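In the two complexes that follow, subunit A is the common piece, with subunit B as its partner first and subunit C second.
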Partner chain A sequence: MTSETGIGAAVKRKEDARFITGAGHYTDDINQPGQLYAVFVRSMYPRAEIRSIDVSSALAMEGVVAAYTGADLAADEIGDLPCGWMVKSKDGSDMIQPPHPPVAVSVVNYVGEPYAMVVAETLQAARDGAEAVTADFNELPVVVDLASAHGADQIHEAAPGNQCYDWELGDREATDAAFASADHVTSLDIVNNRLIPNAMEPRAAVGMYEAATGNYTLYTTSQNPHLERLILAAFVNVAAESKLRVVSPDVGGGFGSKIFVYAEETAVIWAAGKLARAIKWRADRSESFLADAHGRDHLTKAELALKADGTFVGLRVKTVANMGAYLSLFASSVPTYLYGTLLAGQYRTPAIYVEVQSVFTNTAPVDAYRGAGRPEATYVVERLVETAARELGKDPADIRRLNFIQPEDFPYETPVALTYDTGDYDASLKKAIELIGYDGFAERKASSEANGKKRGIGFSCYIEACGLAPSQVALSLGAGVGLFESAEVRVDVTGSVSVMTGCHSHGQGHETTFAQIVSDKLGIPFENVDVVHGDTGRSDYGLGTYGSRSLVVGGSAIVKATDKVIAKSRKIAAHMLESTEENVDFEEGTFSVTDSNQSITFPEVAFSAYVPGNYPLDELEPGLSEKAFYDPENFTYPAGAHICEVEVDPETGKVEIVNFVAVDDFGEIINPMIVAGQVHGGLAQGIGQALLEHAIYDESGQLVTGSYMDYTMPRADDMPNFVVDTTVTPCTHNPLGAKGCGEAGAIGSTAAVMNALTDALGVVDVPMPATPETVWRAMEGE
Partner chain B sequence: MEDYARVVDRFVGFGGRTLEQSGQYRIPAARAVVWDALNDADVLAACIEGCESVTKLSDHRFDANITAKLGPVKTKFKATIEVSDRNPPQSYSLEVSVKGGMQGFGKGRAEVELAEDQNATLLSYRVEGNVGGKLAQMGSRLITAAGRKMADGFFSKFSERWADTI
Partner chain C sequence: MYRFNYHKPDDMDAAQQMMADAEDGVYLSGGMTLIPTLKARLASPTDVIDLSGLALSGIELADDSLTIGALTLHSEVAAGNEISSLSNLALAIGDAQVRNRGTIGGSIANSDPGADYPAAVVALGATINTTAGAIDADDFFQGLFETALKPGAIVTSVTFPLPVRAAYEKFPNPASRYAVVGVMVAETNGGVRVGVTGAGPCAYRQRNFEQALADNFSVAALDGLEVDYAEFNSDIHASAEYRGHLVGVMARRAVAQIT
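Right, the complex of A and B next:
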């Protein structure tokens, strides 16, 4: 059924009414009686030994209630911030996980690392108190440059050569043999630039403690409140899980950066217990730049071996990935299991070998950022493929078609550990080619040239592994947690429904999409379905939102729970209709007896479940509320074709994106408007990486792009009018047939832009971001 | 991996930003007079914009309190200046360390040379330094311009002391 609000309908987002009227309820909107304010004192040095910290002047100031250092947390046995994914090196050894105290104790390792916290009656008093904290540092040699970090001065005692791990995947010998027999080898040196996530809402926390019960409540900007609670309880030792409630209310964007458990909320909830007072902290924008986990930051040497006709025979990739100063929560998995495994792309490349060395530097921790590993993999593969096509004189679409995994090849096992369940890559490419008008490109190029402009076109056929993840696969690869999802569908007496999910919405529109699924399945009005998320006190459990998993995993759990509700309702209905289950049909919210005109509505059944007069109490419990847990059997594999057309002004080096087409296969779609919105946002971030964004530390370890004066965020006038469309091959293993759409835009678009730009300039590579200066230099052959 | 370093170096013009600046000023006074003035705490205090105090602890050490603005960051700085290679009245080197509380810090080395030029003195300086903390985060792009402005401001006031004598 595609009703106006059912599955497949472009329903306007429920949540937008509050967001666009300023009525959203964010962490910083939460205030408690007697609330205190925390301000963190952060290192200005990229690396220094802490000789002493003096908080006495701060404590003497009016309004200051407490001032804590790392030693105070350590004295209360508050543990280190853990990394949740164990990656092993080639030699089988465990990755190095250096100590990561939430508040620095003896050494600071990046600019922005907190080494003290001041708590005061007002924010201003806390700021003044923080200003009064003095410390004596002994500056140490800094390691900033990624290329030379391995072998530079050792940052952590535990990490010789600053290496975290040296990982590999694939068959080295087979790949070397493929290269030895190849007719042509295309190779590229690729820099994947470092990015800062820049969620619109800065991170924040309000910690509370009730001495009478020993209950803690933490409001914080988390993409996964249950995981936050688990880590704070089990690893950081703040409180028992049952004594700690974590709530993520409205959250204004995350893009990965709010998956992780950070120092600030850890210290805030601990101090709330210590002082038995509510404490609020909210990052200012400068703190977000310094202390949110950054993204990407790879150096890669990539080689593609081909036959003379363009058939791919082997792919060899060697990457150095920056972990920053400490391992953030999922940092280790991003350049390995979310990167190396995707290097097959959409192609039948028979032999692939990838090595990844991750290293520590004196910079902010680096972790997942929209796409997480998959944009890096797509960038490597799609830049190589386009370059190979140019070197062999092939059409970039043809060389891709020649190598695509074909629809009849599925399920397709790649040489890098994944099994793609379904797809039709040429269908997306074909549609994208039509939409951009590839046939007319030569004409458009000539017309640009006549106007003194250079025009180029670039393709990117990406694939991603989403819907994280089958728990047993993830656990066998080193994950520290399962990756299933939970749902509860609670039917009220009057037939309205609350849906509790373990996923968290921070811009994705779950309140709408999930309500569409449930209202469609139960045949009740969309308005009668309320989606509850982000509260460990209200949802059983959950692993949160990232990796385009919410609809695929969380939505599937909701389908399972809803099916259980329908199954029980059918039994109740059969009793009420004096028939048998087998003879009762359920359609559009009405139970009816086959071949009769007797029927009863879903709300009537619900009422009977709670007011069980006419009810089979000898067979069924009263009430109508069902729970389900769903663990996917495979990842999902959204894929698509992005084509970008740029025009470059040779006088200034300014790049304008004149055409951008994204055709994505997300499987079945619940709300096409939300999907288009997700794609638009992803494209803006992917294009931002290509043309604008860059986090730069100077050689002394200072972040010099620490504000919007120097870190360029994409703006509306940097973007073209996107043309987005979809093709559909339903996912074969989840009940929705859905694949996930949250990251695709950021995964596919970057390579398309840079392929178009290098085509326009006639050069092999331009480093990102391709600012006018960079482009101008590339044109000058510098 | 040298290749990458090269690529990054070449294209990322604005990594590795240190302040490097040099300049020359003609001061209408005899070299010995200029030298004495440069070593006089009161003169320095009068010529440094935003200067609240300069204390001369010895021929080799000055402390100063200065309020300065770099882009959006305005703060009070405590500066310590260590004088080395003192070669009166011809040249000296300065190690400067500036601390601005939570706003950041700066450090640098300056070399100053005085040459006789008829009745006047040619002062040449070369400074190299870098900043950290919020100063780097917010203001690094502005440092060269700010440094130039500060030097120009200082020497223009410094030169004015002898304006009447010409």
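Right, the complex of A and C next:
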């Protein structure tokens, strides 16, 4: 029974039947009696002082029930949207956190920032009402260009020079000394292009308030409903935590953009209380482009110091990171603790020093997007390594092997604050080289050239810190919350099981993976295990899903709770079999007495637990439901090797990916089909960043790429047939031996593509995205 | 969307009368441009006159021409007919959903600079039949979203003379899949014609290419020919200069297809 559905089996996803047949239940599918509709009035100006807002015309319109401005929220003491991670500057000072009212009060700072909300009986009436809101703005100088933002016109009174923080990590002196003694220095100026996450389902919220009890319920598209509730209660003052239930039903993708607490659901739940009516809001796609948190957006000067033989001796990185107009929930941590700490990569570079200056601009807030800091770090390291290999005339695989942290070096403490637990980097590289047929590349290149095409190959050996996060470490680095996970395994009278998790599935397939773990451990049918997530009313607590954490942290909590169920069951079995716990074995769902033919099945134990006829109640409680909290000892360190081959059409500059191999070490794997799916999706996003996607603001601060007419979403026909495989070094510190797989594709692939493209063109760098015209110009030597 | 009056006439005269009576009316064909525009509240017509009830669909072959009804879907043209280059062009429009809703009449009447059909209309020397008379391809496209179609008139069909040989090459916009540049090269009974879409404000003939190919119908004939891109479109996906370059590349590839 468990062999086909247990740990390691490629079980088809339970959730897919409802998703594929259109039977999913998303926030916008939820309707309440007497429900109203909210539409937000958004700034057309990238920066302006609000002199006045007039909602009287809107209020006079048929169907309009209410119109609110930021002042109305402020009058009810609704607080600012907070940033949950305190980063300190080099000088020890706290980062600058400018005021961020959910609905703008006195100033707007990016196009799309909401400054009023209209609530009406119908969506049509709400739209009409929103158009009737008038405001008097005084336009202010706009700061858009990242390179010159520091020192440009000051956006926030609290942030001189538009600086949020100026952070550093590593040993500056040792790194400078390494550079002074180096035989060769490779340096690159790198632009990590700004992206828009583009989850398939736009953000949405349905707010409800029951006047009789004072209870609020918020349905919303959150990756972490408990965190959403905590922030709305503790920081935003919507309601007491116990009076607020947050539910994230089926959610169609997040990629990080649905971690954060946004203006819209905050205003909706507040207004639901004010009007004692249910209120629905769902973003249009245009609103998603303008007002979802964007990703990446770094400018970096990176230098790698080497010995003549290719040994790395030092790495020096200086980055300017764009925060956008305000600090989003985890914005500060992305270019620091999720970026600087990853700059050792897979290598024994002894001295590393990184400085990151984060600045404000008049653009949408920037925060975590699939990989969050780690793709940017990988891009810096792997572009440098490949470039150094070319400059020194080394094979790109050889130079990596020369510098790899070796299996015997683990646990390995990097110069940038992490301790890698385990890995075998050459194993992944070796397998990737075999799978792509590296030996045959020269022949393939010649054949491409004969067809008038340029061909190139590029490597990327990435590492990531996942399984966010050991609470003690995170809290010591400035996190505002612990990052453990909770689980409850509740056994029903008939032996079926509900698993409550604080993680949230928005495409990851937790209902399947977690059920595999529990059914395997309890020896019960996979179909008898239901996974419950996304509801603060049903799961105790949780920190949600991001940072490839769900299996390694949430899954480990489930293992802990399941082990407690087994321990309790063993006690019950011993009682029923008139034996002792020590003499009862548990295997494949059956408890049996050692050296006897007496046995009892798990469902029989469960039934007995709820029908406790002759229990010794002072020793054995009835019932069978156990909870556990799991706090990881360390991060996990998935790593792998991606190799890409591209062909370039020299006449048009169009790049085609003709081969792509990803070999990843995710530790132990529960469901290889889901893992392959996660890798495919991540690769599409990483390749999308390299070749297609770009969020562009023009000089005046308007978002040019505000629709799919201009923002190039990767499509299936842009992608090659991926070859994906794995190697396994089990994680040493969690019970599953798992490392997490959600972000790897997006982290590793971008550098592989750009290394392949620069190889094909014989140039040092091409800016991303490498659009046909960009590549054509690079070939023209521009 | 804003509120509007919806009409679905079942004959041509009624449709034109409704337009004449409307304060600010608009015809709806496949709706592939109009519906998104309405949904985004970028247009606020008082009346939308849905032409789908008119009998304007179908492909008819005559001795030397193919007449395609204005309401014929892209997918129907793509399914194959006597002008294979036209079928190939239709197959490259948008995606399956667009091809199953969009119509040739709607595409041509809209004169979107990135639309594919206008290249074929120009290159094949088609005649646009309207309720206010026939219009020659060379006179039809007049500018960005501007045509010679008389106010209130309806495109009823397009007549394409059968070419001796013709081919279409398109460089799609990576985001929208509209033509950044699309070139149809055709040897017609009236001479060689080269229709270009995507590059300029509307479809046009690349006359210097036509002359060169008339003398010598080969890829080499186009080598070194200049394309004046001064008035070309320029956006984040392609500058005017790059579009000018692509006109040459696409034209050469089209010629290569049929030589």
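What we mean here is this: the second predicted complex is superposed on the first by the 777 of 782 C-alpha atoms of A that agree within 3 Å, B and C clash if a C-alpha of one lies under 4 Å from a C-alpha of the other, contacts with A are read in each partner's own complex, and residues count from 1 in each chain.
Everything that follows uses one rule, which is that a contact is a pair of C-beta atoms (placed from the backbone, for glycine too) under 8 Å apart; a residue touches a chain by one contact, two chains touch by 3 or more.
Quick caveat: nothing in here was measured; it's all calculated off a predicted structure.
Of the two partner chains placed by the overlay, neither subunit B nor subunit C lies in contact with A:Ala450. When the shared chain is aligned, subunit C comes close enough to touch A:Met713, but subunit B does not.
Shared-chain residue A:Ala211: touches no atom of subunit B or subunit C.
With both structures placed on the common chain, the touch criterion links A:Ala147 to subunit B but leaves subunit C unconnected. Contacts of A:Ala180 after superposition: neither subunit B nor subunit C is touched.
A simple residue count on subunit A separates subunit B from subunit C, and the partner touching more is B. Using the contact criterion defined above for the overlaid structures, shared-chain residue A:Tyr45 touches subunit B, although it does not reach subunit C. When the two complexes are overlaid on their common chain A, residue A:Ser286 makes contact with subunit B and with subunit C alike. Legend: residue contacts after superposition of the two complexes on their common chain; A:Thr652 is shown touching subunit C, with no touch to subunit B.
In the superposition on chain A, the residues of subunit A touched by subunit B in one structure and by subunit C in the other are 131, 286, 694, 696, 704, 709-710, 773, 777.
For subunit B in complex with subunit A, the touching residues are 1-5, 7-8, 10-18, 71-72, 101-102, 104-105, 130-134, 136-138, 140-141. The part of subunit A that touches subunit B in the complex is made up of residues 41, 44-46, 111, 130-131, 145-148, 189, 191, 286, 289-290, 299, 301, 320, 694, 696-700, 702-704, 706-707, 709-710, 766-767, 773-774, 777-778, 782.
Considering their complex, residues 124, 127, 131, 286, 651-652, 654, 692, 694, 696, 704-705, 708-713, 718, 771-773, 776-777 of subunit A touch subunit C.
Within the complex, the subunit C residues that touch subunit A are 1, 3, 40-41, 171, 174-176, 178, 235-239, 242, 245-246, 249.
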